[in-house]
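We just call them A, B, C and D in the order they show up, numbering each chain from 1.
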Amino acid sequence: MPEADTQTIRRVYASLRLIRRFEEEVARIYPEDKIKSPVHLSIGQESVAVGVCDALNKDDLAGGTYRGHATYIAKGGDINGLMAELYGKDTGCTRGKGGSMHLCDIQNNVVGSSAVVGTTVPIALGYALALKREGKGRVIASFMGDGATEEGVFHESLNFAALKRLPVVFVLENNFFAIHTPIARRQAVPDAICERVQTYGIPAYRVTDADVFKIRNIMMDALPKMRRGEYGPIFIECHTYRWREHVGPANDYDSGYRSTDDLKPWVDNDQIPRVAAMLDPDERAAIDAQVEKDVAAAIAFAEKSPFPAAKELYTHVYA
Amino acid sequence: MSTLKTATKPAPDAAGNTGGRVLRYVDALKEAVEQEMERDDKVFVMGLDVDDHKALQGSTRGLLQKFGPDRIFTTPLAEDAMTGAAIGAAMAGLRPIHVHIRMDFLMLSMNQLINMAAKAHYMYGGNIKVPLVVRSIIGKSWGQGPQHSQGLYSTFMHFPGLKVVAPSNAHDAKGCMLSAIRDDNPVMFVEHRLLYPTEAYVPEEQFELPPGKSRVVMPGDDVTLVGISNMLVECLRGRELLADAGVSAEIIDPIWLSPLDTDTIVKSVKKTRRLIVVDNGWTMCGAGAEIAARVAEALGPEGKFQVERMGFAPTICPTSPSIEDQFYPNPARIAQAAHKMVRPKAGEWTPDPERAVLAYQRQFRGPF
Amino acid sequence: MSTLKTATKPAPDAAGNTGGRVLRYVDALKEAVEQEMERDDKVFVMGLDVDDHKALQGSTRGLLQKFGPDRIFTTPLAEDAMTGAAIGAAMAGLRPIHVHIRMDFLMLSMNQLINMAAKAHYMYGGNIKVPLVVRSIIGKSWGQGPQHSQGLYSTFMHFPGLKVVAPSNAHDAKGCMLSAIRDDNPVMFVEHRLLYPTEAYVPEEQFELPPGKSRVVMPGDDVTLVGISNMLVECLRGRELLADAGVSAEIIDPIWLSPLDTDTIVKSVKKTRRLIVVDNGWTMCGAGAEIAARVAEALGPEGKFQVERMGFAPTICPTSPSIEDQFYPNPARIAQAAHKMVRPKAGEWTPDPERAVLAYQRQFRGPF
Amino acid sequence: MPEADTQTIRRVYASLRLIRRFEEEVARIYPEDKIKSPVHLSIGQESVAVGVCDALNKDDLAGGTYRGHATYIAKGGDINGLMAELYGKDTGCTRGKGGSMHLCDIQNNVVGSSAVVGTTVPIALGYALALKREGKGRVIASFMGDGATEEGVFHESLNFAALKRLPVVFVLENNFFAIHTPIARRQAVPDAICERVQTYGIPAYRVTDADVFKIRNIMMDALPKMRRGEYGPIFIECHTYRWREHVGPANDYDSGYRSTDDLKPWVDNDQIPRVAAMLDPDERAAIDAQVEKDVAAAIAFAEKSPFPAAKELYTHVYA
């Protein structure tokens, strides 16, 4: 420390803060029933998306899961479009059609997310085939949860990415749960994911403390090699923790499958205050103020936007 | 989940009897499985999250406590292999019930279901049986969106070797589940999320409701309405709306979709000469197409009749409620279509909008 | 593969013109892909074994030599991920053609095809397109058995967002392939193994045969026969057999199954008042059900008509030829069904058995 | 050496020889068009099935792939039923319905094979669940080709088998090809399959010389532990070589994707003459004579058996 220059710290903080505040506002608004979509919040997990996406260029691609607000925002997706989408409005990033689980913002190189676990992992291979063919050194970051690593398609995808040396950064947001089931009840050897990935000849990194700069540095190290074209994919497993319930705005520490004791170390290690502390207080206040303004603007935008017209039901079935 | 009284009267059993207690659909499902697990220790339940505190939206509540983790267990996220494992267990003589919280996820299980489960008994010359039940839930409303809302039973109806059932009420949920578990073939058991809190009279004792007979739920003379899964409920309300306008609709519940009894439907259409099938899915190559085709095959030579299919709009299910609403048939639209068919010259007719809304729809809130 | 002359006359193009050279179905397919790969370097071919010396039963012959391994390549055995990869490549602006040697294997690709490819354009608000072609081959005869013989196009027709085409002759194979590649939507391109050696006149130049219009292949007055994929060929022979008995059949090829033009069929049935749809798949919730239902919807109020569906027997496809034979419709059975419908009182009629056998069936030998 | 007692050598030889001669006869008859099914011959690969199955008890289960004659015969499946099945006869092991790719002989604990690569691997998990529940220490051996290890379901199956400690012997018949495509064009790291399997906590063994006794000894070592109940699955990768074309009776060394040079070491290492040489020549001759008699009887049985009656098309759709 500092593992990054001030400029970077500022950007990273702004991004972490924006995601957190955006989602806290979503959670606050949620009981009002204005948000017309199930929400899978990333609160507590922001550092993974930010660590990865801050290292990417604007023209690199990234895509997440149904728990995808963080990836979308960290990659520079338009937050007005995101909030409007959650409200089911016509101005939403997918025009109210996809909702929270199917975000995309192609202008900003956020590719589509999906509600079916694991489905976007192989989709990233196809994007990567195109990027490789293009030859400009662009890469795609593909986010997934620990649950996705149990799906066969994950393995098929690793093999193909390695075989074709595709420029994919596979990012595992390992929060140790799939809904309420802990990884140890689902995986025979839960701590061997990186080792398994390595058997495909894919460099694999594990970050156990959610340190946003560690994640970013892995990216910064690997990206130049990846952009040169013949390096192939990498894999980053980031341990993290979902603070809220699986889907919805609330806490669920009273439901018996986990306890606030489990949560505590992650709150203590929260990257937002940590990175905030690296900043000059005035600077931090300025960023915080900007974030509040932006989030408030997104809410206002969403609220005043119209719902899709009836005919929209029938548009975009075919291109 | 609150107790909603949308089932206004007891659903009769196959023989037309009513009886038992008022039970919610979700509890009837669970009761059937519980009783059968008690009776036959070969029966077990597997599937993502069947044993957590939410108990798959309540439908597996208490089974873990009663039967222990060998007989009800969650699985890794691995639909393809888990379906294969369930099939293998069935081949070995156990009676697995494999559960999916959304029917959409069955797309990951298709190879095992279609290429193995449906064909094993035949392709192994009758030497192997697959007494498997696959439970899956159709989602609707409140932002389920494109990948959490599909009613895919028509896809499974296409394949010989599978059986398919989609009970529309608590009574049938219990009877059909019992029959499904005892069936020596793979049965796709299709549930609808919105039906879970609906109530009906359900016998306490075990009873079977096997394939073979569609049920005339309500008699009528002017038009035959066939409703599949929760669309039966919507047809019933549609019938009430139609009654306001003096139109009499006969309501038929096919219950089992494969094998499918269309004789009951043909008989009704011989009387009404008008048929509307309301699908809980897309109409193209859907159950409604099959029913319409069978009726046309049976009635065609005898004289004219009218038929119309309703179902999902030929689009993808959108998330925004403003358009999602129009994606589905509803009592008002069903009633309007029937009215127009019966009284083609009467002009536009709009049923009372307040009476057209079903409680189960109004009261459902997310998340999921 | 020997050159079989089963296409007795040139197939007309959409405008009714004939022309070009006599080409085999398999070569017409390849020519379309080759010409389009030349024209548009975004087009590429992927799929198991597309680049080996057998060149997927000849259908990708020479493409490797001409375009190199970046534009045509085999894949690992990983249908789920490879389908996702093809979809992703299409989303990124390329135009992949993903090939499967048997349609049955698509069951492993269903999640990506149904939950992603069919829905992406819609669920991403029109911001993403999926210009993907999925080629797959239906197997038949000679011990293909339960898992190598399924015609699954009806399953795909059910889903909005997908297009489906099943050309019945070399001419259409070329035109449809061109349209499929240029289409900005996912297209399921369904081929039939037995059609590969059949010949037709095919223009040398590129031409498109887009969805929109079913073709009246042969005119007739007594009965309308709709044949799907290779069943069109079997209907044509059925028509010849019927002519011996003085029955005149109109033959219609839907060509594109989704979107599906039934106006042409309805028009024909308005004339003949009799319809037989011959499916290359199971009839339950099949394309034939859809066509029959649409005709019933359109004709019902106007007066009676007769309809019958033919297709796979409602069983699993057996391997032994003694029973496999009866699993499929064939010209004799088609002709008999039509004869019975047209002349219900004429009693049993059997067409000349020698003339009933198609060369492509007789001459096909395994393995595969 | 001797790695096995005389009794075992005799049995192993008889089994190897029976499979080889059975399939050579199939290849001989094939051009006559009496066999009504595509055949994927195991000629050259017999030692894998024999090494594994000879170690199994009669009441253990085994199942193979569409290249499954060897597994079927090695596990004690009825060869009359097998030959009749290839002929498409009513007396076939699946009554002419399944053909060569869908063999089973439940009486002899041969479970069903499948024409779709990888499909029987998870099916074995279900059998194993039942065997484990039964508690009698029975196991199931599930055979697969190298192509199957690329399918996602293979990985899903390994994880579940390890998680539930299921009594499955996963047997990989690695003949380095899937149809005509060599493994190196399909797998990023073709020689890491065992290492990958080990990351699931599954003991993995690799036998590179197709030595039938080595394979058998691995089984003999592992089986007692597996039968005790809590040991879980094992994995055995056996290198081997397909001598004939992928499907059909012929050779295909002229088609360019491989050469007779590739074949030669495997012919030199053929386990049949090797094991034959361990036997007393008279004993060997007696076994050979018995094998000829049994194969001839199977052919005669198949030839004289009737085809299925027309009504058979409709039987067994539903149980």
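Assume contacts are C-beta pairs under 8 Å (C-beta built on N, C-alpha and C of every residue); 3 or more make two chains touch, one makes a residue touch a chain.
Because the structure is a prediction, the values reported are computed rather than measured.
Participant: Could you tell me the least number of steps, going only between chains that touch, from subunit A to subunit C?
Facilitator: Step count on the best path from subunit A to subunit C: 1.
Participant: Tell me, please, which chain's centre (mean of its C-alpha atoms) is farthest from the centre of subunit B?
Facilitator: That would be chain D.
Participant: Please work out the Cα centroid separation of subunit B and subunit C, and write it as a whole number of Å.
Facilitator: Distance between chain centres, rounded to whole Å: 32 Å.
Participant: Averaged over CA atoms, how far is the centre of subunit B from the centre of subunit D? Could you give it in whole Å?
Facilitator: 42
Participant: Express in whole angstrom the distance between the two chain centres, defined as the mean CA positions of subunit A and subunit B.
Facilitator: Measuring from centre to centre gives 37 Å for this pair.
Participant: Identify all positions of subunit D at which a residue touches two or more other chains, and write them in rising order.
Facilitator: Only 92, 96-98, 102, 114, 116, 150-153, 156, 159, 163, 186-187, 317 qualify.
Participant: Out of subunit C, which residues touch more than one other chain, so two or more?
Facilitator: 75-76, 78, 80-81, 104-105, 107-108, 111, 115, 122-123, 145-147, 160-161, 314-316, 318
Participant: Among line, ring, star, complete and other, which one matches the pattern of chain touches?
Facilitator: complete
Participant: Can you list the subunit D residues touching subunit A in their complex?
Facilitator: 150-156, 158-159, 162-163, 186-189, 192, 195-196, 199-202
Participant: Can you tell me which positions in subunit A touch subunit C when the two form their complex?
Facilitator: Counting only subunit A, the residues touching subunit C are 92-98, 102, 104-106, 111-112, 114, 116, 119-131, 133, 152-153, 156-157, 159-160, 163, 315-319.
Participant: Over in the complex, which subunit C residues touch subunit B? Could you list them?
Facilitator: 80, 104-105, 107-108, 110-111, 113-115, 118-119, 122-123, 145-147, 150, 154-155, 157-161, 258, 260, 281-282, 284-290, 292-293, 295-297, 300-309, 314-316, 318
Participant: What does subunit A use to touch subunit B in their complex?
Facilitator: My answer: residues 33, 36-39, 88-90, 92, 96-102, 114-118, 147-148, 150-152, 178-181, 185-187, 247-248, 255-257, 307-308, 310, 312-314, 317.
Participant: Per the contact definition, I'd like the list of subunit C residues that touch subunit D in the complex.
Facilitator: 48-49, 52-54, 74-81, 104-105, 107-108, 142-148, 313-316, 318-323, 326-327, 365-368
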